[in-house]
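Letters are used for the chains, namely A, B, C and D, taken in the order the chains are written, and counting of residues starts over at 1 for each.
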Amino acid sequence: MEKNDFKVEKLGANKIPSPYNKGKFVDDDARIAYDSEVSKLEKYAANLDELPSFEMAGPREKIFHDPAWSKAAIMTAGGLCPGLNDVIKGLTCTLKLHYKVPVVYGIRYGCRGLIPEFNLEPMVLTPENVDDLHEYGGTILGSSRGRQDEEHMVDTLVRMNINVLFCIGGDGTLRCAHDVAMIIKKRKLSISVIGIPKTIDNDICAIDKSFGFETAVYATNEVITAAHNESKGAYNGVGLIKVMGRDSGFIAAYATLANSHVNYCIVPEEDIALEGGDDSLLEHLKNRLKDKGHAVILVAEGAGQEFFDGEKDKDASGNALHKDIGVFLKSKIKSYFKEHNTEVNVKYFDPSYMIRSTPAYGTDAVFCMMLAQNAVHAAMSGRSDIVIGHWNDRFTHVPIALATRKRKKIDLHGSIWNGVKSITCF
Amino acid sequence: MEKNDFKVEKLGANKIPSPYNKGKFVDDDARIAYDSEVSKLEKYAANLDELPSFEMAGPREKIFHDPAWSKAAIMTAGGLCPGLNDVIKGLTCTLKLHYKVPVVYGIRYGCRGLIPEFNLEPMVLTPENVDDLHEYGGTILGSSRGRQDEEHMVDTLVRMNINVLFCIGGDGTLRCAHDVAMIIKKRKLSISVIGIPKTIDNDICAIDKSFGFETAVYATNEVITAAHNESKGAYNGVGLIKVMGRDSGFIAAYATLANSHVNYCIVPEEDIALEGGDDSLLEHLKNRLKDKGHAVILVAEGAGQEFFDGEKDKDASGNALHKDIGVFLKSKIKSYFKEHNTEVNVKYFDPSYMIRSTPAYGTDAVFCMMLAQNAVHAAMSGRSDIVIGHWNDRFTHVPIALATRKRKKIDLHGSIWNGVKSITCF
Amino acid sequence: MEKNDFKVEKLGANKIPSPYNKGKFVDDDARIAYDSEVSKLEKYAANLDELPSFEMAGPREKIFHDPAWSKAAIMTAGGLCPGLNDVIKGLTCTLKLHYKVPVVYGIRYGCRGLIPEFNLEPMVLTPENVDDLHEYGGTILGSSRGRQDEEHMVDTLVRMNINVLFCIGGDGTLRCAHDVAMIIKKRKLSISVIGIPKTIDNDICAIDKSFGFETAVYATNEVITAAHNESKGAYNGVGLIKVMGRDSGFIAAYATLANSHVNYCIVPEEDIALEGGDDSLLEHLKNRLKDKGHAVILVAEGAGQEFFDGEKDKDASGNALHKDIGVFLKSKIKSYFKEHNTEVNVKYFDPSYMIRSTPAYGTDAVFCMMLAQNAVHAAMSGRSDIVIGHWNDRFTHVPIALATRKRKKIDLHGSIWNGVKSITCF
Amino acid sequence: MEKNDFKVEKLGANKIPSPYNKGKFVDDDARIAYDSEVSKLEKYAANLDELPSFEMAGPREKIFHDPAWSKAAIMTAGGLCPGLNDVIKGLTCTLKLHYKVPVVYGIRYGCRGLIPEFNLEPMVLTPENVDDLHEYGGTILGSSRGRQDEEHMVDTLVRMNINVLFCIGGDGTLRCAHDVAMIIKKRKLSISVIGIPKTIDNDICAIDKSFGFETAVYATNEVITAAHNESKGAYNGVGLIKVMGRDSGFIAAYATLANSHVNYCIVPEEDIALEGGDDSLLEHLKNRLKDKGHAVILVAEGAGQEFFDGEKDKDASGNALHKDIGVFLKSKIKSYFKEHNTEVNVKYFDPSYMIRSTPAYGTDAVFCMMLAQNAVHAAMSGRSDIVIGHWNDRFTHVPIALATRKRKKIDLHGSIWNGVKSITCF
């Protein structure tokens, strides 16, 4: 990555003294090295200016938007994730209590809440009506998938006089937010667009963790123990669990390390063979059942797409339909053991909705609160087209283009995956 | 019901003083009225001898089996249920510590553990190796479905010198236990066969509650809240949950009363219309979504079998295959709203394996312990062909034939169902 | 007990058709036998009229109070208990939705909410503002201890035109409710006073279980496991837990049966020796530590008051002050082992506030809902001076005088205590 | 801090090829910058050699100890902390499965397990007997406080031929481990001493988080909600909670941010006034109760020691005895309100033993596993006198002297404390 990838957009010069009085300000240009390994730093020693580095997040002494004239709006988009309500609460309280922004809107049902045709009246958010919000999973604003026409979205922002927009959402939502910011720039408007990256899969590039991931990993504990109990309760019992992880298997890998009753952990990053040879999943499973009588398999939803080659159905437009790896594996295991005249009892678990709809707890809830506070600081200081990230124990400003460039993946030679390999049998 | 339905089989006269010294003994003939409503008692006033009544469970001063010569065996059969391990622990400890029975076997994988062909070595159970068992869900013995040849099962009991057999299982297992007891009787053997009725559905006739049910109802709380959060998080969101309840909807009904986020509770006992008229499920749902924007539906797995008339697939033998009401409803809702050009977002939850594999907690665990102690008292005092029941706050002896005669159902005019109707919208 | 103890007060004849349409009505005079053991029934065979029996609870076809003219009030008094909010919600919904009572007040902070001097404005309760109440522990009405002047309380009821009063509270509150009912009778007013007995200790006479108890027993599981871990983590570690149980040790006994890591269970019903002989607590403990190295002691708060003879402090009025058995035992164990030059590490747990402030869950929450519905049925049908009880699996009307006559205690020769003795070492 | 503070001790040259084959090796000299802010890096630009930096942890291609000849030992010391058993399991499995170390001992009850006089036989740890360990709180090894004679400890290591010692413990234990390492150095022995820093308070210098902290913060959620319910349930109710935090208030601060029902958060880092002026705790509380009627106070155990000046008792040696701030505040609040003739109802919670004895969950359990694997890598590669740390998302080697130099404290001007100030009223 290069220095320019980290460049942060500002709407203009910061001239207004910040009303925030809860702590020390961060220098407006403070930066943090992207790579802090000494061997990597060495090649920039002669020219530290070129060092790839993040702008640090935090409150600035001078801000861009005049709080008294500001109107903020918050939206949540995409699937549920633990912590959405904490972020909404954190944004609302920081805007209202610390920056004295008079109006905070909650946009209903994601991007469509900004499109007049949907006729979705925004909520008015106040510290009072968000007070208990941290106790609830889900999002009080509602959410939706898919993008809307960005020009129309900007029209609505202008019509409603909104100068600060917070988008809590995943990859698709952030790309949409980026396009909104581009239109704002083209129209020479002074509207800050700040993203809070939401991905329960923890797969956002250039950000070391995303909110909700920690709670999600905690929540897998119970289902793994349940699958273990079911597998031991039946003759040749197999507990098969599908967890979230469309492109990256972080939840599966961490869940396995946290509750080592898992015997097989299957992630999108690693291709595996189903049959043919002792190293293939089904033959290894057959041998394990002969030996131990039970097994637990944990599979990320995006894993094993290679199994579907040539098998995928097409939709009306000729696109390959995404296959359900959990259901596929369940059926493959059954047919394989039937062929081998061996009894097998597969119990299938699909806990994704259970996991993603819980509230965020503990340090994960704290992380949501901190993300929200830093998002408000970023917005009020005139940043736009960025998300709030986290790196080397600090909060950072990450250009949306960088955050959405590619997915973060498990390093198959790194310590997490090696840890998984160490405790699973495969 | 008549007096004779309650008659309990004894293997012979009780002549041996009980070694049990932990409390007062129950009179060998103590009985408890089946119906204690005064208006029902009145017709027996002239002849109380004819009053239908249960034999009371509990320790007897004189017992039938000589503990020093006894060998006991325990089996678990059918699907998992919270509390199986508590019952195993309770049986083992009562047999070994209070009756000083020298050997307690754990039969592996249900009835098949008594069939030599399966080659399943029994476990030897001791107070030491069951000490932590109450912390674990599932069953350490393993379980299996289906019956085995009862003559062969009795052969094994004879060959292993087992004179006390405990069968923890559901309807099918208990019928099998009854047949085993009949063969024992025909062969004039002195083997006690005692059932501990296992049905997470709480649907055993003549027994007011079954172990595991209470824990199962507790465990539904979280999934109902999750479905509620998912339904509110999406535009026209519908949280659809399938819970256990093959013939009776007790779990669904109690879960609804316990966490009233449920808007529609559908049970096997009540036929409902899917379409046609404001009272049909789908039209009512459409109106509710228009009004409130979200809904939670809770359906027992055995509900709605009437929807499948004419749609059921046949298996190789021409039998109708059981349909999955959860998957069926999910698809019906989608197609109905598609026909009506209305967006709907259905989130489907199937938590059954999660629920049934947890440990029993609290008063439910206490109930398991008490069932187990009373089962040992019953066995040692020479009862056979019975299950341990609970009625009017006492433990009872219930002939297997009575317990398996028919299923207990929700009274659609009783207070539980009226309570459900009061808080749901349908 | 005699027939007359069960006699229920009615305000007058029931002439108004009930608007309740959710199920079948209960016969106005339906009764249920107090003792359903056949041997007990026999002596009444000749004269069933004299059989001690409860009036059954449930909806009546004709009612006494005209719903359209009714004003109801609800109060909660005494310490917190799981389920208070469920009962408040159940009362409110049944009154408003099924009987169409136009106004339901929530009295603030117990009895004092009816005394003008405290200046506590009542809340107005509606199905909408109680909708989420089942998710919260505590009581939204607030509570207080102690009685107020009953004449003044009745004055307030009259002034506010309240004709139906629900008192959710323990012994003291119920006695107060009884006195209120007596004054109402003396003044010839038509006000129903209905109690819902609240005792987390499950110690109300003539009632087989009280709400909150089940949840409380569930909640002890975690603290017992914690105490077990602490005891094993230290050299000669002793985990000492004090739980609720002022006069009766039901929570302690059930908790021990539910999580058998407890080695010593000490309840008010059984006197124990602290020192002197192998059977005394401290010597037995010393021997156990020598043998096993760790122990868990569970003590009910009302246990061991005999240890304080001659040691009790007096308050200003000369009354003996209640001593804290938990703190006392902790200090006694330490001093005893110091005397014997033996290291001991006592970890003391006092989880009472944690336990009593959780929401009621599962079947316990269902029980709250049913109590509330039956309380409304009782009130509207003109009953007064009663509490809603539960007996032989039915809900009952129990005169307050009977319910408060004496405490229910653990039968030291019964199955619960024998079960405890079986699994503890003492 | 200076470069030399980070210098890591090695026992000798690494010549043996590592048997570890689960992933890529870390360069033996890899380092990571202590401070990665670009402005801090600038002053070292000319001389990056002087940059303060940590040695990175991880597997090395060549190792020092010959696994086949190695004997490892593990001890846990000090108070319980979530994750102890996970670390023990992780160490055992990595030693046995990846490095094929033939013998792993578990030392009983901390340092005293190495002193012959205590006669404490070590456990032999194997992958089999630690398999379920992650499900249990506490430590199977037992623990103890206080140091033992280090010369004797080294004697035992020598006598038992132990060449790798893992010490899981806090400040005191780590200082002891350092002294052991010094003696080993003086005697020219080849024994690696590796610490895994245990502090539930998360207050170890130069380490960004310690295991157990995350789980501890999660576990505070329930008690804060309980205190909130108790405070609202009583007239002028005050829920007062004491949590761990002897020198640093991280648990209190994070718990407050995670469950914002806390109104007052009191930590050792900040002095507060009890009385005198609107900003004093008691007057502020009085005003809040007048306004809202309830409050929750969360206090770290080490806070408010300034209140005890002149009040502290002295022990036999003349040292001031540590006072219990929770009990002190409870009594102060009561007396203050009594003086002001105002009713107050204080409910006091002391959940420390409950919190510290739970198992580690989720990402915290993963962290334990990773710490353990890196500790084994460090030991086998001949490091000694270090602890395994975590910094900038990598695991590091931190000299014990650096880790124990001083406590990490909350920065009263930093974002965490500002966040707390933002949501509390004080």
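Going forward, a contact is a pair of C-beta atoms (placed from the backbone, for glycine too) under 8 Å apart; a residue touches a chain by one contact, two chains touch by 3 or more.
Owing to the predicted nature of the structure, the values given are computational and were not obtained by experimental measurement.
**Student:** If every chain is reduced to the average of its C-alpha atoms, which one ends up farthest from chain D?
**Tutor:** Result for the farthest chain: B.
**Student:** Between chain A and chain C, what is the gap in Å from one C-alpha centre to the other?
**Tutor:** So the centre of chain A lies 47 Å away from the centre of chain C.
**Student:** Take the average of all CA coordinates in chain A, do the same for chain D, and state the distance between these two points in whole angstrom.
**Tutor:** From the centre of chain A to the centre of chain D is 29 Å.
**Student:** Measuring centre to centre with CA averages, how many angstrom lie between chain C and chain D?
**Tutor:** It comes to 42 Å between the two C-alpha centres.
**Student:** Would you pick out the residues of chain A that each touch at least 2 other chains?
**Tutor:** 225
**Student:** Output every touching chain pair, sorted by label.
**Tutor:** A-B, A-D, B-C, C-D
**Student:** Which part of chain D faces chain C closely enough to touch in the complex?
**Tutor:** Within the complex, chain D contacts chain C at residues 80, 109, 112, 136-140, 142-144, 222-223, 225-230, 232-235, 237, 293, 347-351, 353-354, 357-358.
**Student:** Which residues of chain B touch chain C in their complex?
**Tutor:** That would be residues 22-24, 27, 30-33, 36-39, 41-42, 45-46, 48, 51, 53, 56, 58, 93-94, 97-98, 131, 134-135, 208, 213-215, 217-221, 225, 254, 257-260, 361-363, 365-366, 369-370, 373-374, 391-393, 395, 413-419, 421-423 of chain B.
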